[in-house]
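The same chain A turns up in both complexes below, where it pairs with chain B and then with chain C.
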Partner chain A sequence: MRTKLRQNITGLLFLLPAVVLFAVFVVYPIVYNMQASTLDWDGVNAGTFVGFDNYVKLFQDPTFLIALRNSAYWIPLTIIPQALIGFLLALALNRGLFASTVYRAIFFIPAILSPVVVGIVWQRIMDPFNGVFTSVGKATGLDWLGGNFLANPQTAIFAVIFVNIWMWTGFSMLFYLAGLQLIDTSVLEAAKIDGAGPLQTTARIIFPLLKSTHLSLLLLGIIGSLKTFELVYVLTQGGPAHASEMLPTYAFQQAFQLQSVGYASTISVVLIVIAVASSLSMVRVFGAGFISGDEK
Partner chain B sequence: MSLRKIAALTGVAALSISLAACAGGATTGTSGGDANTVTFRSWSPIEQTTKQMVAAFEADNPGTKVDATIFNYPEYLVDLQTRASSNTFPDIVGLQPGALTQQYRSNLLPLQDCAAKTWGADWQNKFYPIGIEQARAGNPAGDQNFYSLPILVQTVNLWANTELFAAAGATIPKTWDELTSTVAQLKGGNAAPFMLPAKDGWLRNAVFLQIANNVNPGLVYKAESGTDSWSNPDLVKALDYWGKLFTDGIAQDGAIGLDAYPSAVNQFEAGNAAMIPLGAWWIQQSDPTKSQADIPPLSQGMSGYEPFLFPTIPGGAADSQFVGGIDVSLGISKDAANPDLACKVLTDWIAGKGGQKLVDTMNDIPAVAGLTPSSFTSKKQETIWNTFVTDWLPQVKYSRYFDDPKVDQAVSDALAAIATGSQTPEQAAAAIQVVSDGANGK
Partner chain C sequence: MIATAVRRRSRLARRGRWLHAVLIPLAVLWMVPVIMVIGLSLMPSSNPETTLFGILPAQPSFSNYVIVWQQNPILLHAANSLLIAVPSVAIVIVVGSMAAFALARLRVPLRGLIFGTLILALVLPMSGIVVATFKILQALGLYNSLLGLVLAYSALGLPFAIIIIRTSFLAIPYETYEAAVTDGANAWQIFWRVYFPLARPALAVVVIWQVMMSWNDFLLPLVTLSSNELKPLTLVPLAYRGIFLSQPGALFAVLVLISIPVVAVFLLVQRYLVNGLAGAIK
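Then we have the complex of A and B:
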């Protein structure tokens, strides 16, 4: 045993910095949150142990259930359109269009903007009193453009999702462009020789070959969806009447505005559980090497 | 399960347990500054003004340093809580009366001795009564300590764009009926007659408190404290009148999706709205210390504005009530490295040379009476200033805040629900009552 330990000591020492960082920045916050979730605590003064009461309260809390529902909307309604539009843009720009570099930059710019800036700008664009959409609607006769998208509880979450798609489609495009560069051109040439048309080549050759890109975007999309905060906060503050609340915005409100850090920690623990369960499910379904493309 | 896996899991569990057991403890520890340095964190006054206040203090007190950081309010709440948990609580902190001050009460030094030492035994007379009253809001029964002292106070009220009013031949509305007819008179142009940035919970509540106090002065606070009910017909009526702002076409389309800062105020300052509910702090747009060329025309010397109180409600109080209170108050950490120096900074900023700098920028209304800006840029600006400090602030009797953050949130949610048609005023009142009962331990 001792000899084996001596043999492995170098490797263990190399691992130590990563283990320490993992313990301090990942394990510790999770454990801290789990402990805090069992308390009635304002984050400053001494808390009171309440066991699982916060969890019981949470699953009876209509706002939490709205936030869960919104996450369920958010994940497919952002990931699929972003991936689809990003894929089509990447295909178009990969064909050596004139000034394609400029187009790439233009489509990618929203992804590098601050969500706060994006939120403020889109709030003005969608302002039904005198926003851009309203003006365009008046000028073109498309009056529906002047709708209360952000102010209507029925549409607020979808309006935010729309802005999120606008913001992150360029990111998906860039991923797909990178993936397209990696496809062996001889495969595409062989398909052409075999008589495959552009549609068949795209659907049956290119799309399957980009499997690892699809899955990477799916995983990033799920994680990104679950931790969405800034855009929702700036566009709607989770309203009106919590209609566009997401788990992080609700946790923030509970922790810092309502002084209920214990309850906010409960929301965070549920968030962690959902995120870990999603990631593990993907690993289980697609295999551990699904991002790298390795078959494992 | 293999031995190796068990060992690994045991290791993780042991590590977790050793790292845990930190949440839920009360915060203790040292403050940020050293003997000659005072640390200050707040969301208000604004950064440029704070710099001037710091410079004024440091110039008067050579060898001292004030390390000041100004945040946006939400970020500030995060910073303050994090600092309280990590034993780096600032020497001086910006606070709001009620819930925020009470949350950090155990970290704060009672300030009445500091105040008496600086201003004398009758120091409370220097302040507007509402500031003194609110400074102790939420203190436990029998606790007469001042854990924070107000630096800026304000009224919440409406503002009119006098140019748009003049162009339409309209007059400032004093009653609800006048408000509806004025809105009808101002409609049809490019400007919103009544711009209501109702996305912000704080603004929804401020407007509602003006309506509620105009319906039945003071009743809403009795409902909050549990001595009256939220289903009292007068409070339901107040909720109903809030709803009428939306259903009767007074507020602009999409009001519940528009934020006050920056969207609505930018539009108001650009002349796109005839009325807006804000407060006394709007006078800061005409800051005399700024280059006047950088100030939009309407705001130069307040040339295009006039403040007025929320119109009276039919069957309610005969006169509009004054609602307002502390904008920001300052507290000192009980662990401050040099409490005397922190006291010196705090009192200087409230009523000394630092305070004068603050008043010169017209950031808001000073908490102490008698401080006047060194210069005015127009007669109208001076008149508006005097209206606030001489006529309005001394009369403010009703708070613009609820004491309990959960009740505050419940009212804010209920107002949003009424505005979007999701709840009737009766349903909204019942929803607030549930939260209020919880807050009152019923």
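Then we have the complex of A and C:
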């Protein structure tokens, strides 16, 4: 009994610093948000309690609906191309090709750049006056390339998504390279002996064996999409006229530009609920093994 | 055995040579924005002419770096970035692997609750808690202080670190732990001398991830720092937006300066990354 207690204390001591940091910067903010979401509050003066009014208002807010629709575009339109291109790159670079480390670095570098850097350079690339797209459009006769994609409400969100794909494809590639390393080569040789062609091996054996990689990327992709703030903020600030608004940028605007901290907290609570619900349901459906590393 | 494997591998590589025909153009295309950042940083404000579809300056010069150096206290901003990133990486590595060790090898009460909170924290959007973080830092007297940022980034980086490091600890045979216990080592010694050094590939992943978060982010500094002399590099393009309008070349020079350290860290840990991730997603 005594030793058990002592072991428990040792374990807790190892966990203590992490638990304290968590409590202050993760758990408390969530509680705080929930509380603030029931207030009509400018963040400075005392707030008035309004119950669920903010939530009622939010679900009738057209900008909130635009942000939800944009997330609905964002999730599949980033995850699928990133995974597809990343998978193909990983397949190509997993076979000890000459200079494959250089290729890996080239495709991964966009992911490690600051969104400030990425945002500003892509603004310039898509600039309708001296941008790269315009120049290429002029040279090739493809005039539509000269469009002001970021300022056009019809295209703004897709332009941001496009940049996001460029930025994060290398990340998917790295995940697939890691996943490919774990595949037992004897399985592939057996398939070869059985007369499977390379295409068949890829589609029928390699692709299914990478299940936990697909799932990790799917989960990280959904979370990442919901979290997206920086890139949108630098590229469009959620504009024009909220056309490329995402939940985080809208919350930010409400809190720090319009001083409606109560309403911003409501948006944040909804965001957290969506993020947690979607990840929990994924963990439930597919098993938690791919996160915790436990045996499935 | 090894010789045949190597021969097989090189044969495979030779057969894949046609891939270069696809990969080279794709890689060049992929690098266009990066080349452009470097290219435009060499574009003098006296001659904003460009060539090659606007990617490179017509008359490159290093004048922008001189301008940036003279115009802003750029070293101060770089020092701020370092003072945010380095301590937060250190905290996440040490605190994260301690927690990971406890969860992998020690007896811990409420394990399920702790894991639940971990996953919650992993999915928590930084922008969702930024208002609350801002208020908490104010209450702790850490508003407008770099320490507040360090602690916030450490907390947000921990879940990913703990999950990845714990997986790599679990991969170390349990017998190692038992043998060390029999030899009379205490928990801390086993952790620090045996487990921690063995987790190097996983730690590489954590380092790059944490550097990406703490060095690249501008949201938290934007709302929690009010003094200009505390701002990290990432805020320079936003804080001096007006000035840079007439000096796009200088703006891109700042972008190059922001990017060099992260790219350097990436190149240093690159060879561990794939293995570290492979351990983590097994």
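Observations, loosely collected:
FYI, the second predicted complex is superposed on the first by the 267 of 296 C-alpha atoms of A that agree within 3 Å, B and C clash if a C-alpha of one lies under 4 Å from a C-alpha of the other, contacts with A are read in each partner's own complex, and residues count from 1 in each chain.
Throughout what follows, a residue touches a chain if its C-beta (ideal position, glycine included) is under 8 Å from a C-beta of that chain, and two chains touch if they have at least 3 such contacts.
What you see is a predicted model; the values in this text were computed from it and never measured.
Once both complexes are superposed on chain A, the partners chain B and chain C clash.
Of the two partner chains, neither chain B nor chain C is touched by A:V232. Once chain A of one complex is fitted onto chain A of the other, the partner contacts of A:A36 extend to both chain B and chain C.
By the touch criterion defined above, A:L271 reaches chain C but does not reach chain B.
Chain A has more of its residues touched by C than by the other of chain B and chain C.
By the document's definition of touching, neither partner reaches A:I157: not chain B, not chain C. Once the two complexes are overlaid on the shared chain, A:M173 sits clear of chain B and of chain C alike. In the superposition on chain A, contact is made by A:P128 with chain B only, not with chain C. Touch criterion met: A:V27 reaches chain B and chain C at once. Contacts of A:P240 after superposition on the shared chain: chain B is touched, whereas chain C is not. In the superposition on chain A, contact of A:F256 is made with both chain B and chain C. Steric collision with chain B, judged by C-alpha atoms after aligning on chain A, is confined to one stretch of chain C among 202-210, 220-228, 256-264 or 274-282, namely 220-228. In the superposition on chain A, chain A positions 27-28, 32-33, 36, 43, 120, 124, 130, 252, 255-256, 261, 265 are in contact with chain B in one complex as well as with chain C in the other. Of all residues in chain B, those touching chain A in their complex are 12, 15-17, 19-27, 74, 77-78, 81, 84-85, 99, 103-104, 106-107, 190, 192, 195, 199-201, 252-259, 262-263, 267, 272, 405-406, 409, 413, 416-417, 419-420, 422. Those residues of chain A lying in contact with chain C across their complex are 4, 7-8, 10-12, 14-15, 17-19, 21-22, 24-30, 32-33, 36, 43, 92, 95-98, 101, 103-118, 120-122, 124-125, 130-132, 134-136, 139, 166, 174-175, 177-179, 181-182, 212-213, 216, 223, 226-227, 229-230, 233, 248-249, 251-252, 255-256, 261, 264-265, 268-269, 271-272, 275-276, 279-280, 283, 290-293.
Note for the complex: chain C touches chain A at residues 9-10, 12-13, 16-17, 19-20, 22-23, 27, 30-34, 36-37, 40, 50, 53-55, 95-96, 98-99, 101-103, 106-109, 114-115, 117, 119-133, 135-136, 140, 151-152, 154-156, 158, 162-163, 166-167, 170, 187, 191, 208, 211-212, 215-219, 223, 234, 237-238, 248, 251-252, 255, 258-259, 262-263, 266-267, 270-271, 273-278, 280-282. Chain A makes touch with chain B in their complex at residues 23, 27-28, 31-36, 39, 41-47, 49, 120, 123-124, 126-130, 146, 148-153, 156, 236-237, 239-243, 252-253, 255-259, 261-262, 265.
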